[in-house]
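Some structures to go through are shown next.
One chain, chain A, appears in both complexes that follow, with chain B as partner in the first and chain C in the second.
On to the complex of A and B.
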């Protein structure tokens, strides 16, 4: 009975979405206050019913209700409680419910934090999101209802959650990624609302910016979590595989990165308006494409949900209507958009344009490499694959170019910058970067390495550029501290995020070039040397987990004969599904990771394994954290809050006259 | 030329340069890095010359896995139940690599008709068969009722 309530709740949410997708939009068109006012309560209602729905699914998992097909396929009575709970997003149906629930969460947030925007605009934004939610819920009910039952004979136990998913990474990565992904729907809805209302002014960009920044920050963390999880779970020592399912989030991220920069330009200078709107549509399309690729069964990958083609067609339909419709609207409205000001060839606008061109080209080439095999197969029937070398060949030079621009852009001025000014600001930065890049590898490695040198020059170019800019911006103030306080949150946010790029650059490059690995066969007592470390196999023993059995191998690691630590990689066999799985042993460090992945035991008793030393690998994710922090910081800039405070003051001055003596509250 | 025209021209030239650079790079990279996929029958029939990197996919033949006891060298036979191709690989095989299951290997065929794999991918899920392997079996006309795993709808 209870799972049927979940279905029922979904249907109610669908009805509310149908109302939200029509009434407020029409109200905004006709100027009907009452219908526009429906947008916020309807959004809250949708959130409540989807929350009930997803809670009921979680309840079915926790109580081992194997009569529900989705539970029977993705859980087992032996599964630890935390994974029962998170198995909600362990398969297509449940994860799509989570996706839709996330959208409802964003809608609720828009309903709450939109007091500073005009009502018709809020009604349009929520109306567009309502239409999206409507199509998602309809898709769920029509093709993939998570509450479907197995009748008449439910299995006595479930098939268990995929063993690769029984991990902390699985608890964190999908919800974060979805939240970031879906966040771009909000920015998309802002863009569509702007197109519908014809209000393409700086105010629109100002309203969208915090949302775009927050969505981008969450997406950054979501992708980084996925990378970190793949690194320690999949056991090949890599952190990015250019997997066709990893790529759509990256495409979305690249468009999103272009978008937040373009939005900044639109807000500050009133230029690139139609381009910004187009980027919002593209970023959103990237997120829909990701859904389509993972859920249509189009490709083989660690992420793909094997599924039937009906779903693919349905999502393709949503994709076509949403993207086609918004592009059509864009084509109709774009000629109306006029720039508020002009700019010279050397100006911050130009550097931001360069940033946008590079990022969009990068996104397009990733898109091409991802879809080409599918298109090729559809046309010729032949099967091909495009490997990492393709992506690296394009991505690496583009990103290097981007980093060069990144050093100059923030220092340049709006509208017009003289080349002499840039040279005077950056010549010392350039010299110091070159010196550092050449000298540091010589000192540390006692040798020349082109990869390390280029990496360090580029990273120093960013970091020293930031330092030079902060110094220049505080130079005319009484003290350094006072100067710092005078800078805005959004400025610090930008510099933080750019610093994150430098950190990530160091991590990505040094890990890629200086990682070493060795695959060996070790018996008890055997030793293998790798770099400056010696790995000695001490013993192996049988282990019994809650829902698995397996072997654990104890390995001592020493350096220069001095014992450093013990690492214990495992090999598990999950009982219910019969799936083998390897648990890596990792010693994480700021400058290097030691990483062991266990293979199989040979008849002789020896274990096959691969040992890795991966320098600076943590910096990749550390950089992502900096970027996300920076974007969040920028989203909390005073000028976005000031709008709200002003509104509140207005309201309070009204209410104070009404009820004398009440203490005014301070907005935080 | 008027200043705003010159600016617009500048932007257009700038974008065009970026685009042509991108297209050039992309085409160059694509040409270098496409791996074709072949079935064991195609490979055994000599459709691929040695020295070309490609992917082969099929099932791991039952009883064909031979592991060296003193190194990580593994040899097994991949089959579409019509033709067999021996595969040699040095390294650790994926968790889900097993006899009678689907496998995709990337590498080159040597002069003796042995596939020297640089990478071995196994299907990643119990109920799921790689589209490539399925295509290979279908192409070979192997009756899927007898040999191939059923492709179940849910992951």
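On to the complex of A and C.
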């Protein structure tokens, strides 16, 4: 009975979405205040019913209700409680419910934190989001209802959650990724509302910016978590594989990065308006495409969901209407947008344009590489695969070019910058970056690698550029501290995020070029040397987990004969599904990771294993954290809050809002 | 014209959507490899047993390159044919152990018998990408110059061997291979 309530709750949410997708939009068109005012309470209602739905699914997992097909496929009575809970997003149906619930969460947030925007605009934004939610819920009910039952004979126990998903990284990665993904729907809805209302001005860009920044920050963390999870769970010690399922978040991220920069330009200078709107649509398309690729079975991939052509057609339909429709709207409305000002060839606008062009080209190349095998097949009937060499060959040079621009952009001025000024600011930065880039690898004793040197020069170029810019911006103030306080949050946010890029660059280059590994067979007491570390196998023992059995091998790690730590890699066999799994042992460090994957035990009793030393690998994710913090900091800038304060005074006069708006009034 | 350029995105998207729509209908298994009549891609990897192996270790005669994995049930179906071919010395068979784990692969060979001269251990599927592998099982016919001449996707049983591979091999021999 209870799972049926979940379905019922979904249907109610669908009805509310249908209302939200029509009435407020029409109200905004016709100028009907009452209908526009429905948007906020409807959004809250949708959130409530989806929350009920997802709670019921979680309840079905926690209570081992294996008559629900989705539960039977992704859980088991032996599964530890925390994984029963997270198994909710362990498969297609449940994860799509989570995705839709996230959208409802964003809608609720828009309903609450939109007091500074005119009502018709809010009505349009929520209306567009309502239409999206409508299509998602319809898709769920029609092709992949997580509450479907197995009748008449439910299994006595479940098939268990995929062992690779029984892990903290999996608990965190999908919700975060979805949260970021879906966040771009909000920015998309803002863009569509702007197109619908014809209101594409600096105010629109200012409203969108905090949302775009927050969505981008969460997406950044989501991708980083995925990379981290792949690193320690999949056992090959890599952190990015250009997998068809990994690429769409990256494409969205690249468009999103272009978007937050373009939005800045639109807000500050009133230029690039149609371009910004287009980027908002593209970033959202990237997120939808990600869903399509993962869930349609179009591309084969190691971690695609089980495929079903019906789902593919349904998602393609959503894709066609949402993206095709919005691009058509764009084509009809964009010519009306006029730039408010001009700019010269050497100006910050120009550098931001370069940033946008590079990012969009990068996104397009990743997109092409991901879809090309399929497109090629559709056109010629031939079959090809595209691997990391293609992506690296295109992506790496583009990113290098981007970083060169990144060093100059923040120092340049709006509208017009003299070349002499840039040279005076950056010549020393350039010299020091070159020196540092060449010297650092040699000093830290890794040896010499041209590629690593180039990336280190680029990283130094960013960091020293930031330092030079902060110095220049505080130079005319009485003291350095006072100068710093005079700078805005969004300025610090930008520099923080840019610093994150430098940190990530260091991590990527040093890990890629100076990692070492060795595959060995070790018996008890045997030792292997790798770099400056010695690994000694001490013992091995059988282990019994809650839903698995396996072996654990104890390995002592020492340096120069001095014992440092004990690492215990495991091999597990999950009982219900019969799948084996390898649990890496990792000693994480700021400057290097030690990483052991356990192979099998040979007849002789010796264990095969691979040991790795990976310098600076943590810096990759550390950089992502800096970027996300930077974007969040920028989103909290005073000027967004100031607007809200001003709006509060106005509110008294708006009596209709006060009477009908039954949304939680968090702001007041 | 200036208005028309704003239609470029929607036109691009519609063409893409049409391709995706067509893509849903496609069966990737029907299709030939890009590498037909091209040399076998270069590789320097290890065997499933951990021995280093590269192009130079490939046979100097016509041989089969069979993509397999311990997880792959159809591979068991074609296994007897491969065993017969290698036991009767009809043609050497080289394995590509595709997206598998070496320990599982070794167990599989021990349990079922090993028809391969050696199996290249392609854990991350890199060689598979170079070959354009869709999935295991797949079998390539490679000539004595190391050029790929024929590709068969799916199970290689006695019928397929007689109908497809024997004529192709006869043709190669006629060329003086």
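By our rule, the second predicted complex is superposed on the first by the 639 of 668 C-alpha atoms of A that agree within 3 Å, B and C clash if a C-alpha of one lies under 4 Å from a C-alpha of the other, contacts with A are read in each partner's own complex, and residues count from 1 in each chain.
Methods note: a contact is a pair of C-beta atoms (placed from the backbone, for glycine too) under 8 Å apart; a residue touches a chain by one contact, two chains touch by 3 or more.
What you are looking at is a predicted structure, and each value in this text was computed from that prediction instead of being measured.
Undergrad: Following the overlay on chain A, give me a clash-or-fit verdict for chain B and chain C.
TA: clash
Undergrad: Which touches a greater number of chain A residues, chain B or chain C?
TA: B
Undergrad: Which partner does A:414 contact after superposing on A: first (chain B), second (chain C), both, neither?
TA: Neither: A:414 stays clear of chain B and chain C.
Undergrad: Between chain B (first) and chain C (second), which, if any, makes contact with A:8: first, second, both or neither?
TA: In the superposed model, A:8 contacts neither chain B nor chain C.
Undergrad: Once the structures are superposed on A, label A:328 by its partner contacts, choosing first (chain B), second (chain C), both or neither.
TA: second
Undergrad: Would you sort A:274 into first (chain B), second (chain C), both or neither based on which partner it touches?
TA: After superposing on A, A:274 lies in contact with chain C but is clear of chain B.
Undergrad: In the superposed arrangement, does A:73 touch chain B (first), chain C (second), both or neither?
TA: first
Undergrad: Going by the contact rule set out at the top, does A:394 touch chain B (first), chain C (second), both, or neither?
TA: In the superposition, A:394 contacts chain B only.
Undergrad: So, A:361: does it touch chain B (first), chain C (second), both, or neither?
TA: In the superposition, A:361 contacts chain B only.
Undergrad: For A:519 in the superposed arrangement: first (chain B), second (chain C), both or neither?
TA: Touch status of A:519: both partners.
Undergrad: Going by the contact rule set out at the top, does A:610 touch chain B (first), chain C (second), both, or neither?
TA: Once the two structures are laid over each other on A, A:610 reaches chain B alone.
Undergrad: Report, in rising order, the residues of chain A that make contact with chain B in one complex and with chain C in the other.
TA: Common interface on chain A, chain B vs chain C: 300, 302, 382-387, 519, 580, 599-600, 608.
Undergrad: Residue numbers of chain B touching chain A in their complex, please.
TA: Interface residues on chain B, with respect to chain A: 4, 6-7, 10-11, 14-15, 18-19, 21-22, 25-26, 28-30, 32-37, 55, 67, 69-72, 90-93, 95-96, 106, 123-128, 130-132, 135, 151-155.
Undergrad: For chain A, which residues count as touching chain C in their complex?
TA: Those in contact with chain C are residues 236, 241, 274, 278, 281-282, 285, 292, 296, 298, 300, 302, 309, 312-313, 316, 319-320, 323-324, 327-328, 330-332, 334-335, 371, 374-375, 377-379, 381-387, 519, 580, 599-600, 608.
Undergrad: Please give the residue numbers of chain C that touch chain A in the complex, ascending.
TA: It comes out as residues 2-3, 6-7, 9-10, 13-14, 16-17, 19-24, 26, 28, 30-34, 50, 99, 101-104, 106-107, 123-124, 126, 128-130, 132-135.
Undergrad: Note which residues of chain A are touching chain B in the complex, please.
TA: 73, 91-92, 162, 164, 235, 299-302, 304-308, 342-345, 350, 353-354, 357-358, 361, 364-365, 368-369, 372, 382-387, 389-391, 393-394, 397-398, 519-521, 577-582, 597, 599-600, 602-604, 606, 608-610
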